[in-house]
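There are two complexes below, and they share chain A, which is joined by chain B in the first and by chain C in the second.
After this line comes the complex of A and B, so read on.
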């Protein structure tokens, strides 16, 4: 009797009864990503430096010492998106080249954890990027005071970052398995970023004028939010299919 | 039973090909082609002899009957490609991937046509080859730029199974992007500029009729071309499978050349049933 029951009783002690829950897994993965970035400093310093250099380029290309309104919003958003592309390109490279995918797929965890942790990682990268790039922009190019514009700008940037992180993660996971990964990533991502530029730049431009700065129109924040939601759901639903191997 | 089927292998093969829709692909193609030719002839004669000349733009406005249907069909084709891709991810049947690929491929060609006719129309009526204030044209360009990466994406992934899976993920994402992008671009211009070209609701009846006939005719053209391409692709993969068999089974099969076209290789060896498997069993018995 006891001999019959012994193996089933022994098994649960070897294997956990149920797989680890989603959010602790996401937390562990996020911690891993941030630790890797802290030790290698592969993405964020490059992205920040790229953004600052691009502002310098814009100064000479436009031959202006300060910009305002539409032009300022456009320069800020385009620069941030191009800098984000650098991070998107690097996002899965270590996982693809050094067996990160294999290790993750062998672990008995929900695959969505990979998606969520990568989105949060990219989001963190973007926040750090903007901590450098926005003050640098205000210092180098912006002709209007940054202070009054800050609350609206932060709200718009947060919504834009969410969209960039979601789309960037999906595109990065797709592009990393291709032969020309550095080429396909931006090609796939930029058209998908167009609505973010539309929403972000239109919402930001009334903030960045010297006289009577306005508030971002609710319409554009709503557009950004809906776009984030739509692509968040799509990417969440489709990401698993990119991991099967 | 097996011996019997092997004895009449030749006749059972042809019979299977005719009875089984999965093997006989070109069915209905002649009828469809003739219907398309007739429909296009009718729509062109309506365009040139029935629809009235527009007061402001004159003869140039006739391009409307080609441009707008092309655009509508291309966009619907892109969305349809996404829906077929959902079906592919659900069933894992490579034939759905093939359909999705063909529909997107054809829509891309129609989209090029849309952009060219749109540019000509814009030059004729507004004096510029490109007009940013026309949101439909602008969003169309963005959608086109996105879908232009579909073939490079496929081409850059060598493993056929992974290629089809990734292409489906792309097709679904992009299919959802099409309406989202249109809304965003429309929002960005709607407040500044009144719509120059309204929907069909404000057209006179004769123009609306001509437009609908053109739309129907070009939809038929789209369906015919898709069916032609599907037939050609299926036939080619079938011929390849047969040639492989002639050359002595799967062992000596050459590696598949790098290609953006979906592979039906595992379909022709398993899905097509008796056509391929019966002689393979025979050769192994030998």
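After this line comes the complex of A and C, so read on.
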């Protein structure tokens, strides 16, 4: 008990004149997500450790001093997507296990706020993951600094991350309602991530060559962008129904 | 004016019938107490009234709005205190209440007042996972009344509370800023004497079906005990 109880008293009415708008609600949800992750460290450290460990395994398994081109791009994107799956699987766990879903559904807010906040949360997780994983990848597998390839790589990663965040949020919202959520999440997400792997790896491949790195092919960047847009619209349309009974 | 109008409400979970043909009416400012053994459908009834579950048959009107179609119109006027506190264990009591205050468009001042009212201001900055279940329940009460709801749906609200804490939360759960200063309440209870003392209307459920529906003044405590046999 926390000391002497305060005397009970009636409180004045606090009912707001109108429901909260979309973006302040997204901000409140995003703040809550980041606070919970900062306190538990359940997602980002696991994702980062997974990626670095996988690069170490590739470093020894391939038994080469460095990789480049298609092989390097494939290793980078597949590793990042598997690491992202760890975050996708945890995305709604606190809400489902601690009643946050019900608390949110009872509030007079736009349901899309939860979709947008989860996409932004997963995007933030992916950015932190890549801050750790990309330098580790360059150190363990490229054998040379990224240097001039970095701007092109960042642009490609940004488009890939957006797709992963949108699809990951949609899939996690479906999987968390089931008993086999840890299995269902990856099973649903991985096939949907295939176009992101293809577009990301093809766009990144010309950047990861030791001599005269090129620029990402515009058509693959466009492919990633269109895929992001398509799934963004699908997820925005479907998300409210996933939250309903 | 009726705050609740339920007619022929039925709700299934797969093949199992959780509620069958439940009808009732409750005026604004009145308290309905629902009795029944575990699995009788009490929590399901609360979740339907809170718009968290859809009725599979029948009609439900809450505060003049039909559910589930017009749920958006009444959500801000309903408070729910269920078995789960609907709070995040890693956040502090203050952070949890501030989070919900943002979702309801309420000023932080109200959070401060409620933390004092439930005597949690001294532990308000500690993560909920470090607090006792009674303390978490006090914070959950504050969350449920944060937006001063006209209709409160309460599932064993005194669970885990000591007598002093019960004295603290009773006025918060009973009194609102409505015309008569009283909230409309639906309370699920296993306590015949305590429940009857608060009730205007009593509903007894057995296996999802209404076995008793009468004004509290006309109900004998033995009839409630009979529901559990």
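Going forward, the second predicted complex is superposed on the first by the 228 of 245 C-alpha atoms of A that agree within 3 Å, B and C clash if a C-alpha of one lies under 4 Å from a C-alpha of the other, contacts with A are read in each partner's own complex, and residues count from 1 in each chain.
As a working rule, a residue touches a chain if its C-beta (ideal position, glycine included) is under 8 Å from a C-beta of that chain, and two chains touch if they have at least 3 such contacts.
This structure is a prediction, so every number in the text was calculated from the model and none was measured.
When the shared chain is aligned, chain B comes close enough to touch A:227, but chain C does not.
With both structures placed on the common chain, the touch criterion links A:177 to chain B but leaves chain C unconnected.
In the superposition on chain A, A:219 contacts chain B only, with no contact to chain C.
Judged by the number of chain A residues each one touches, C leads among chain B and chain C.
Contacts of A:105 after superposition on the shared chain: chain C is touched, whereas chain B is not. In the superposed model, A:94 lies in contact with chain C only, and not with chain B.
Within the superposed three-chain model, A:24 lies in touch with chain C and out of touch with chain B [touch as defined at top].
Legend: residue contacts after superposition of the two complexes on their common chain; A:36 is shown touching chain C, with no touch to chain B.
When both complexes are overlaid on chain A, the residue A:191 reaches chain B alone and has no touch with chain C. Comparing which residues of chain A touch chain B with which touch chain C, the overlap comprises 244-245.
Chain C contributes residues 50-54, 72, 75-78, 80, 82, 84-91, 95, 99-100, 102-107, 110, 113-114, 116-117, 119-123, 127, 134-135, 143, 145-148, 162, 164-165, 167-168, 170-172, 175-177, 181 to its touches with chain A in the complex. Across the complex, chain A meets chain B through its residues 170, 174, 177-181, 183-184, 187-188, 190-192, 194-195, 198-199, 202, 219, 223, 227, 230-231, 234-235, 238, 241-242, 244-245. Contact residues of chain A toward chain C in the complex are 1-6, 8-16, 18-20, 24-25, 27-28, 31-32, 35-36, 39-40, 94, 98-100, 102-109, 244-245. Residue ranges on chain B touching chain A, taken from their complex, read 89, 142-143, 145-146, 149, 152-153, 156-158, 162, 165-166, 168-170, 172-173, 176-177, 180-181, 183-185, 187-188.
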